[in-house]
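Just below sit the structures, each encoded as structure tokens.
Paired with subunit B in one complex and with subunit C in the other, subunit A is shared by the two complexes that follow.
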Partner chain A sequence: MLDFMFVFFAAIALAGGLVMAFHQSIVHSAFALVAVLFGVAGLYWTLGADLLGATQILLYVGGVTILLLFAVMLSTRDAGRLAIGRYILMAPVLGLLGAGLLRVYQGVIAISEGRELTLLEPEPTSDAIGQLFVDPHGFLLPFEVLSVLLLVVLVGAVTVARQQQEGTPDA
Partner chain B sequence: MSPEMLTDLQALMPEIWLVAAIVVTLTADLILGHGRTARTVTGVVALAGVVGALLALGEQDTSVPARAFGVLSVDGYAWFFRALIISATGLVILYGIIFRGLEDRTRNEFHPMLLGAAFGGCLLVSTDNLLMLVLGMEMLSLPSYIMAGWQKRERRSAEAALKYLVYGALASGLMLFGFSLLYGMSGSLWLPDIGLAITEQWELGGELGRMLVVGSTVLVFAGIGFKVAAFPFHFWAPDVYEGSPAPVTAMLAVASKAAGIGLLLRFVDGAFLGMVVSEDWLARLGSVTAVIAAVTMTYGNITAVKQTNVKRLLAYSSIAHAGFLLMGVAVMLTATGDDRAAVETGQQATLMYLATYYFGTLGAFGCLMALADRFGAEDLDDYEGLGRQAPWIGVMFVVFLASLTGLPPTAGFVGKWFVFRAAISSGLDWLAVVAALNAAVALFYYMKIPVSLFLRGGDQPRVADVPGLGLVPRVANLSILVLAAATVWLGLMFDDLIAWVNASLL
Partner chain C sequence: MSLAVLTFADDPIFYLAANLAKIVVFTHIVLILSALSVLAERKVSAWMQDRLGPNRVGPGGILQPAADALKFFFKEDIVPGHVDKVLYILAPAIALMPALIVLAVIPYGPPLTVLGETIPMVIADLDIGILFVFAISSLGVYGIVLAGWASNSKYPMLGGVRASAQMISYEVMLGLSVVGIFMSTESLRLTDVITSQVDGTWFMFSQPIAFIIFVIAAFAETNRLPFDLPEAETELVAGYHTEYSSMKFAMFFIGEYTAMFVFSALVAVLFLGGWDIPFMSNADFEALGNWGTLLGFLSFFVKCLAFLFFYIWVRWTIPRFRFDQLMNLGWKVLMPIALVNVVLTGVVLGWLGS
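Up next, the complex of A and B:
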């Protein structure tokens, strides 16, 4: 069962990734990204991280990709056909990088080898995570800092995006 | 509230002041609108927040390292960096008030950004927890991207913001990836645990374990190298420094760089120089860091020679200074065995250099802004003859540049001396030679500014853009004067600085 779920979700993620990287139209690429993120969410579920998987779908599949699509549609006039030829020079560099990463992942696999993986009974993790968020020695401070970060960045984003009226004093 | 929690909160008082100032400036902006009053009030509140944070910092006793909230390590080291970052932010607020380019957008929202970045920097230098590191990094970076593009009507400013954002996001992503590998290796977010896992993987993990260590280290160093503008992650710096409004550039060159160095030293100390070290790994990492330091300073200095825009010149020189700061890190890593003294020599050199760099750079940017504000001068050609018209600013500019070059009797000399001494004491003689040659190159291009200010140009006085001097420019000029006095004073009487730095070592 575990193997089947892993292969299933990994295949979705991988296929989505290939389409995303090689499709000519940037809009199609963005839709393929949805498949990638969904596949990864499934992998989280497989590993028993239910909250993470749900958040992944809620935020990334539901939010970030939609934003991305909007950005693509608003910023490119002809729904963006990418000229791949311009980036062909980057291919060897990226290939080397990819080869290096592959070796790193082999390292990861070497570490985890021998550890028996079993399909975890889907047990809600949200309880424990919620506890950590209010535990002063857990993630209380990072949680609070995150709210300050969001406040400052929101104000900044509005300031950047706001249209300036000509002739307003101090503006 | 438990007494324990109260102590934790007390350790965080400076940061609480900063956040309170963010909230009050935003509220004041909301209530008072965009008039003159609002501008004054937000500026005063922001400054008050910084002063309050500094006072709270002054009350902290860090002789016994304490932990707060399980993720912060409130020790002398954090104290040193927080003091640098918060006080630099105060000066930048002051500069921001006189700098006229910020009026493209409302100035009132500029202060929350600045305070937010300072808040992030403070967290970044006081934590040894990966999650908090990432948060601090973003808290510092995201407002910085916004501030870089503050001059909406200026093309270069928008370009700076976009470049900074794109490269910054890439660097953050690489660093996060590195962190995820580290977490995967050790199963812990805490740097000392990660240090153990790194040693274990390097010694026992075979070739693949080594790959993992190298891969994660390279990724993390890429993220940190971006923040401190070290070669080969420097390429954003010149454009961003030139395009950003001058107060923001000062913030990036001083507070942001200090936070990056603070993070780097703590990371290196926690993850590589922990209880159990692998000498073989450290030797390799140390020699690579030494080479990066040499290349960074040489690249920065050689490229700075050609520059005619003073801000761009200071940007390249700031890349060169990152190289000097990395020298201390290289010394830390080349210290072999249980030689804690050698590690401390390297740390001490970096902290000394950073403290002296702080005065020189903040002062130089203050002078640059004063000249830009009064005469609209930004290029070396525009500077001709200005020294005779604004002798005070001119002379102080020379003092700061002398300090950045490392000439006695200024603070910069002390900083350079410590770095050189550390390099030679740990057998990195070649690095010391490269650094000495670089200092000579630096002298050449730094001195182009005084030559322009005092020796070139006709006698006819230039028309000042601003006829009258208000109160705030006077205060700003006074703060530059204080920086200049401190630069000379620390060059002569550096005992206190050494004592302070020694109390701040990890």
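Up next, the complex of A and C:
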């Protein structure tokens, strides 16, 4: 069952990734990104990280990608077709990244080789995560620092938007 | 006497059969109800405008939804030449899917006892229930946005852009408004929210601010009047589904009414006590056994239908907002109030706790 779930979600993520990278239309690519994020969320769920999976869908699929689509829809009609030359430029970077990933997998396989794997019944994670967020010895400080950072970003975005509005009244 | 909840390990075949039965029964109940709510919409609007409404098919027009469905199936399915074919065909399916998936985590009644095994009346009782609901219902906007874009035509496009802005904004209020509830129940599980209301007060009374914000956001999320800007007939012809015909158009319709039912069910679960009946406690439901389940089931659906009626009532009473009014209401009014509500709940809970 676990194997089936893993293969299922991994296939969704991989197929989405291929479409995203190679489709000519940018809207199709953005939509394929949804499939990728959804597949990855499914993998989180398969591994018992239910809160992480739900948050991934809520924030990335329901929020970020919609904003991305929104921007694409406002700025381009179907003009967002990518030139093939870009792929050629991207190839060496992707090759290096791929090699690095393969090295990481090699390490993971070396560590896990010869060990007995036991399946655990996944437990709900929300309670433990919540406790860690308010625990001074846990993640209280990073959590608060991050929230301040997000606030700064929010205020910064408002300031930038307002300056543009005042600078160019016709736009 | 409380028995252990049936799990896969106890009896795999019985577990699978029970779950399959739940999925089939609940999905059908909801789909039939959403078909009937289309009829209810026409009947109630007729009643409010002093007309008769549909009354030709079957006694009192009760078979009208079946006739409508038949008509949709026999209509010609036109795919305009200027559309993006893949996304154009995918969009109606994506519009319907999220609403149906959310049905999986809604608790319809107290646990049922069959052959000595306790079966919870919810398809998947997730620990992160409400987060799952918001995560999946946030996908609802994709159907509309893609339909708008794939139609490659100006009115659907405007509808799609409006929908994405509106639904992202109101999702935030939807999420923020219910934080207070989960602070007081100390659980994200929807069945816990209900059992805490069965023994205590309904959150409609102890969280009135959250209730009002949630209801407003629910109207905006389902694109119903007074927030139906993505499909405003008088401005955008029919908005995102202008270019759709036949069963594809009907899919959007079913999706909209199923989403309405889902949000009615959420209001019932979060604010109206779910399956609770006033003056009954959890022990009373348990003592009544399966009759308690039946009572709870009926009580839940009565609440859902009452809220569906409220949806329709509002549609035929209140005029449409302007888009700037919609955005101002969301970000400048509802969001600060929702945040204040969270802080207020925290202060009260801390004061009661200390």
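By definition in this document, the second predicted complex is superposed on the first by the 140 of 171 C-alpha atoms of A that agree within 3 Å, B and C clash if a C-alpha of one lies under 4 Å from a C-alpha of the other, contacts with A are read in each partner's own complex, and residues count from 1 in each chain.
In this text, a contact is a pair of C-beta atoms (placed from the backbone, for glycine too) under 8 Å apart; a residue touches a chain by one contact, two chains touch by 3 or more.
Predicted model only: the values in this text are computed from it and were never measured.
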item	value
Larger contact residue set on subunit A - subunit B or subunit C	B
Partner chain(s) touched by A:Pro124 [first = subunit B, second = subunit C, both, neither]	second
Which of subunit B and subunit C A:Val93 touches, first, second, both or neither	neither
Partner chain in contact with A:Ala110 - subunit B first, subunit C second, else both or neither	first
Partner chain in contact with A:Val34 - subunit B first, subunit C second, else both or neither	second
First (subunit B), second (subunit C), both or neither touched by A:Ala161	neither
Subunit B-facing residues of subunit A, complex	100-101, 103-104, 106-108, 110-111, 136-142, 145-146, 148-149, 151-153, 155-157, 159-160, 162, 164, 168-171
Contact set on subunit A toward subunit C in their complex	25, 27-28, 31, 34, 50-51, 54-55, 57-58, 61-63, 66-67, 69-70, 73-74, 78, 124-127
Residues on subunit B engaged by subunit A in the complex (per definition of touch)	4-5, 8, 12, 19, 22, 26, 34-36, 39, 68-72, 103-107, 109, 112-113, 116, 119-120, 123, 131-132, 135-136, 138-139, 142-143, 146, 149, 152, 181, 184-185, 201, 205-206, 208-209, 211-212, 215-216
Subunit C residues within the subunit A interface of the complex	84, 86-87, 126-128, 131-132, 134-136, 138-139, 141-142, 145-146, 148-149, 152, 157, 160-161, 164-165, 167-168, 171, 188
